[in-house]
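The two complexes that follow have chain A in common; it is paired with chain B in the first and with chain C in the second.
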Partner chain A sequence: MQSQSQSPPLPGQLRQIGTLFRRELGAIVRTPSGWIIAATVLLVDGLLFNAFAVGTGAKLSSKVVEDFFYFAAGTTMIASVLLAMRLLAEDRASGAMALLLSSPIDEVAIVLGKYLAAWTYLAGLTAISLALPALVMINGKVSFGHVLAGALGLLLLGGATLALGTLASSLARSQLVAGVLGAALVVVLLLAWLLAKVSDPPLKAVLQHLALFDAHFRPLQRGLLRLSDVVFFASVIAFSLGAATRVLGHQRWS
Partner chain B sequence: MIVAEHVSKYYGSFPAVRDLDFQIGHGECVGFLGLNGAGKSTTLRMLAGVLEPTAGNIRIGALDALRDGKSIRAQVGYLPDRPPLYDDMTVEDYLAFAAALRGVASGDVGGRVGDVLQTCALQQVRALPIAALSHGYRQRVGIAQAIVHGPALLVLDEPTQGLDPVQIGEMRALLRRLRGRHTILLSTHILAEIEATCDRILLLHEGRIAAEGNEAELAKRFGAGGRLELEVRGLWATVEAALQSCGVRSAQRLGDVTGAAGREDSVIRVQVEADGDRREEIALALVGAGAGLLGMRRLTSGLEAAFARLQAESDAEARANPSLGA
Partner chain C sequence: MSLTDAPRPTSAARRSILPISLIALGLALWLIGGRVLADSDAGHWVAGLGWLALLASAGHRLRSRAADAGEASARRGLALATAGVVVAQSLWLFGELAGLGGGGDAGGDESARATTLLTVAWVVILAVALPVLLFLERAWQSMPVVHALEPRRMRAAGEAGAVLGLSLISLFALNYAVSQRDIERDLSYFRTTVPGAATTELLQRSEAELEALLFFAPVDHVLAAVEPYFVALAAAQPKLRFRVVDHAREPELARRLKVRGNGWVVVRKVPAATPTAEEPAGLAAGVSATDVAAAKAKADAAAAAVANPGETFEIGEDLERARRNLRKLDGLVHKAVARLAQPARRVALTRGHGERTREGQGQADGLRGLFELLERFAVDHEELGLSDGLGQRVPEGTRAVAILGARSAFLEEEARALLRYVEGGGRLLVLLDPDAQDGLEPLLAGLGLRRLPGVVASERSSMRRRFDASDRTILVSSSYSTHPTVSSASRHAGRVATVLLGAAALEELPAGAPGRLEGGRVAFPLRAPNDAWVDRDADFQRDQDEPQGRVEVMAAVSVPAAARAGDGAGKADGEGRAVIIADGDLVSDDLIANPGNVLLFVDSLRWLIGDEETSSEIESEEDVPVEHRKDADRLWFYGTSFGLPLPLLLCGIWLGRRLRRGRNKA
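Right, the complex of A and B next:
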């Protein structure tokens, strides 16, 4: 009697995904936490950009942009975990999950609607923060492709960490536990390169490949767009959301 | 309309519900009654499609819950013991959201929301955020979300929980309005609630159906409903003879209310013990004997007696097998 809930959404479900997407995005905007996260991310991005990316010494414009994306990756991942931790755990804690589970809507639509709302909000923050590398473009020599690749990198990295956080949120009954678990999952993938250093083949190669930031974001940070990195991030997102869907559906009638 | 076949639900090794078998007809209002932990909420959650049973199956109409869970959920409205609300939304937005989730066509959402706002008397608070509502209003919004898509089956878990007497009266009035439009299943551990609302009662005890029937049937089965207090005008000898003629087990004179003892116009109070609900027979016998029946009050309802019996059985079992209670 297992739930068959991992099939891709059908066109008929798109409306329900849209309904959940609007509610969730509205919830992020209506509650103070969404604005606090936005303000903190933009403030920290600005401070790090001025203090470290631009700095005080002479620097190539491309190096400034590269450093901006390096620091922005950190704030993006933290914001992702914070945004994701409430997605499902809050509904479970408040009892609102019963509304979703008693509705004729598939678990994948619930997960996608909520995830896409958080990702859209995160994308909005990323778009605003791009004002900083845009300043460098105006006053220095930076290729548009470099900024575009970095921005795509932030969206993919944020999307992946958001998906890991969503999985954690599906497992936890409280936002706090979801946040801690989500952060732990992200940290494990961040430190995979370090573990790879002390591991033997073939585990070494696996851990090297799993290194979320080191193996897959750094090229994008430098303006290098590779299909393998995009596929990696997409795989993390698909796996995490698929697992969250299974967790959500495992007790419900199919 | 609803057929549950050998439905069980285990949480780990703990049996929350065991081997439930029951049928509920179209348009019935059925109450699940039981002590805390009897398995009421678990049963209702399974009927609402929120929780999958460990064993057994449920059919609703022609739909089989194992195969058609999604279709069944489209026909069910569910109010859990804690209303599933989003505090940050206004009442109107929340109900529109619930309607859209339940598959109400976009063009019909406004109309449906307007209808349930009226049915549940929520027009005054339609624009307020749910966080600002009182407990009674929150409960009503919970019912509104359950009926917004016009479900055939309405599953309400403790709908009057935490309400004050005025709010309970309003909630009962609302439930009466909903009867006839929906098949209603509700759970409660408040006896008066189920007596006031339901056609039929399923009495759950320790995850099993301990008894089934209407209040009178349960009273008969549990040998209760027969403790009555009467206020009668007339001679005690006449009253006593009349009561004995209709087969009461015992009749005890509690005292005189007015008038001197032994006079025909004196009013006396009598406590009567009978098997089952004998109120009609007692009234006929007293009136037939020329006594004036001024009042009759049940001291224990059938459901109270059933509860008491079940609790006593449970306590006795726990004493006999101390390890079970650990």
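Right, the complex of A and C next:
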């Protein structure tokens, strides 16, 4: 493709990714909204942890940790969609996208730089929220492996949701539309298991495999680390970001 | 003429939306015919109409006259992509009409293979052709002026669509391959346990070969969790073999083994094979030798099952419910193997002196946990009281005697009989209560010990339970020596500690003290914490006459055996052994969940009985319940709910104010 043939060699592309990564991460953490989003997510995590994960009756500690990851998955996905909807759509609305696309910066660098910045922010949020399951160790018996598997699950689920949101953000002209489109994509993948129930083979198997949460996050939530789940999340991320790059490449022509 | 004055493309110059509309219509009809109306004949007709719509779209592309070579090339590309979609639908239609669409079970392997090939073919073609078509169409529609058509843009759009389609196929193929060769690691506490050293060692010493029958359906989630355990155990110890048995397929065997359904495990000695040398009579009647051999093998197995039912335990069929058993699977297997692989060991528990019982007087001082522990290690127990002859002597053949926290007095004759038993090579375990009038002083004196009056207390190394001064008598100690009775606890001293609920202090009598057995050696394997003292006046305060210092709460005594006629039947050729633990509650249900207490008790038992296997560890992943209530623990609730977000929120507010100040200055 033309844009690829004109793109600079790899170290240059990495430099571009690094520049955009710093700029985007700075845009998140240097504004109050980034901190307020983080505080809100952690507050909701904490309340859900106390109200439902720990609950009021006696519960096995591994069940508490499992329930924490269940609820944290919801907040992580919502935060991811909110973060992703502004990644490209905001630049397009403000006119900065035209500047970016007319610059020698490769669209791969644009998408990856922005995506990695949002994912790093999300990873920071996840890391802070892990203090909650770590507290269960005071009175319970929690394996580090279980917490790590759950944290990896949150990172992968958040990464996949973020990538779908980035694709939606690349397609939409406004942040609102990007948010709705991103949420719709995520909901379709969340409810794929329901669709699978009313489908026939071979579509049934495909839809079952596409169930983002039910088929691929639940094992990690329970502490079961499977290569197939990691590969699935990586595939969703790779495909979504690849598609977003192609969409941007198409827009460069317009 | 400026750019803004340039004429906008007229409607005639705009791209026709007919082809793309036909494509949308064709795909919609395909979906409706193939999915919504799949069960009726009309479905094929509707899908056929969709096929015609797609074909019409491709025809329209090719039939339209191109203005120049660039447009002709673009039209060809669009027609080619549409043709790809048509081919995909044609293959699907062919499969449906040829009866290959329903899974291909009816026609056997050939049909199944053809169905798979056809499905893969149309899915792959559609996955590539459709994105190419959509990308080309998008580019085509965005260049409405005929003479401004950019062939490179069209090519780039086509390539982008093809790359997306191919990457989608590649990712699906990768996911399929990984799911077929999946690698998984269970990192939770709910994981199925791995074979422990105790079970492996027990199998190694077993003279009999054992067989485990796993009653599960061939494809079962619980079996998937259970089987790796037995694979690992069979690999570590060839004396055990296992096989999966489906209850539905072998109901006779299940009935004889008293297995009610799937989800059970039977461990039994390997039945001796019945020779099958004689000629089966069925051959003459036209029955194959294989059938006869299979029937005979089943009959043999059934006969063996009657004679050898083995040890049975339930795991469960539902994974959620089975998890409780899965995480203590090694314990269950160990118990079963212990019962089959080694002779019964018997401990006599004294009675008639207010000893602790299985049920106990309250919920806390029962010994259910202890009896389960004894059962797990295949240690049988019997009662020993005055009516069993304890006033004269301990019966012959008694492997060990245990006094579990007596609260009323032993007769002096009974105490002396026990002392003679130890002197004769017997093994004795005594759990003492402080200040109990149990009449065991002559026995203790004979062993070279004295119980000090009062209860051991500590300010720093105690647990809070009642939240008053009496909590100082709930001691926590990990001051273990290197004696075999505390070897496991000592090895894990950094992680475990023994809890004592009101312990007495023990003291060694000087050599040659009246009544002390000659040659007796006393060791103190467990000591109270360093700041402990003996509280003589029961005020739980340390007074002037209650010095802190070394306080012993457990003793292990070895006495050279001097066989006496009729006094016990321990190991007259070896030594008599006694373990005195100065807390009657050490293994009560209240404390037995504490690993420090269990390890100490099990090691003491091992040292007394002289068996090594009880010292090895059983792999178990018992979880503990967590309970927090908002009303009971407000600090926890507010700390976890608001402790984390509050600093971030403050940071955000501070940053916002700083930015506002900066803007105002500017």
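As a convention for this text, the second predicted complex is superposed on the first by the 241 of 254 C-alpha atoms of A that agree within 3 Å, B and C clash if a C-alpha of one lies under 4 Å from a C-alpha of the other, contacts with A are read in each partner's own complex, and residues count from 1 in each chain.
Everything that follows uses one rule, which is that a residue touches a chain if its C-beta (ideal position, glycine included) is under 8 Å from a C-beta of that chain, and two chains touch if they have at least 3 such contacts.
Treat the numbers as computed from the prediction; the structure is a model and nothing was measured.
Undergrad: Considering only the touch criterion stated at the top, classify A:148 as touching first (chain B), second (chain C), both, or neither.
TA: Only chain C; A:148 stays clear of chain B.
Undergrad: Tell me which partner A:243 touches in the superposition: chain B (first), chain C (second), both or neither.
TA: Touch status of A:243: second partner only.
Undergrad: On the A-aligned overlay, A:95 touches which partner chain: chain B = first, chain C = second, or both, or neither?
TA: The first partner, chain B, only.
Undergrad: Taking the superposition on A as described, I'd like to know which of chain B and chain C A:103 touches: first, second, both or neither.
TA: First partner only.
Undergrad: Between chain B and chain C, whom does A:62 touch in the aligned arrangement: first, second, both, or neither?
TA: In the superposition, A:62 touches chain C alone.
Undergrad: May I ask you to decide whether A:27 touches chain B, chain C, both, or neither, giving the answer as first, second, both or neither?
TA: first
Undergrad: Looking at A:226 after the superposition, I want to know if it touches chain B, chain C, both of them or none. Which is it: first, second, both, neither?
TA: After superposition on chain A, A:226 lies in contact with chain C alone.
Undergrad: Counting residues of chain A in contact, which comes out ahead: chain B or chain C?
TA: Chain A has more residues touched by C than by the other partner.
Undergrad: Just to be sure I read the superposition right, which of the two partners does A:19 touch: chain B = first, chain C = second, or both, or neither?
TA: Touch partner of A:19: chain B, not chain C.
Undergrad: Overlap the chain B and chain C contact sets on chain A and report the shared residues.
TA: The answer is residues 1, 3, 30-31, 253-254 of chain A.
Undergrad: Could you list, by residue number, the parts of chain B that touch chain A in their complex?
TA: Result: residues 48-52, 65-67, 69-74, 76, 78, 80, 82-89, 97-98, 100-103, 106, 145 of chain B touch chain A.
Undergrad: Report the residues of chain C in contact with chain A in the complex, numbered from low to high.
TA: Touch list, chain C to chain A: 35, 38, 103, 119, 123, 135, 138-139, 142, 150, 152-153, 156-157, 159-160, 163-164, 167-168, 171-172, 174-175, 178-179, 182-191, 622-630, 636-637, 640-646, 648-649, 651-653, 655-656, 659.
Undergrad: Flag every residue of chain A that touches chain C in the complex, lowest number first.
TA: Result: residues 1-3, 30-36, 38-43, 45-47, 49-50, 54, 56-64, 66, 128-129, 131-132, 135-136, 139-143, 145-146, 148-149, 199-202, 206, 209, 219, 222-228, 231-232, 235, 238-239, 242-243, 246, 249-250, 253-254 of chain A touch chain C.
Undergrad: Any idea which chain A residues touch chain B in the complex?
TA: 1, 3, 15-16, 19-20, 23, 26-27, 30-31, 94-106, 251-254
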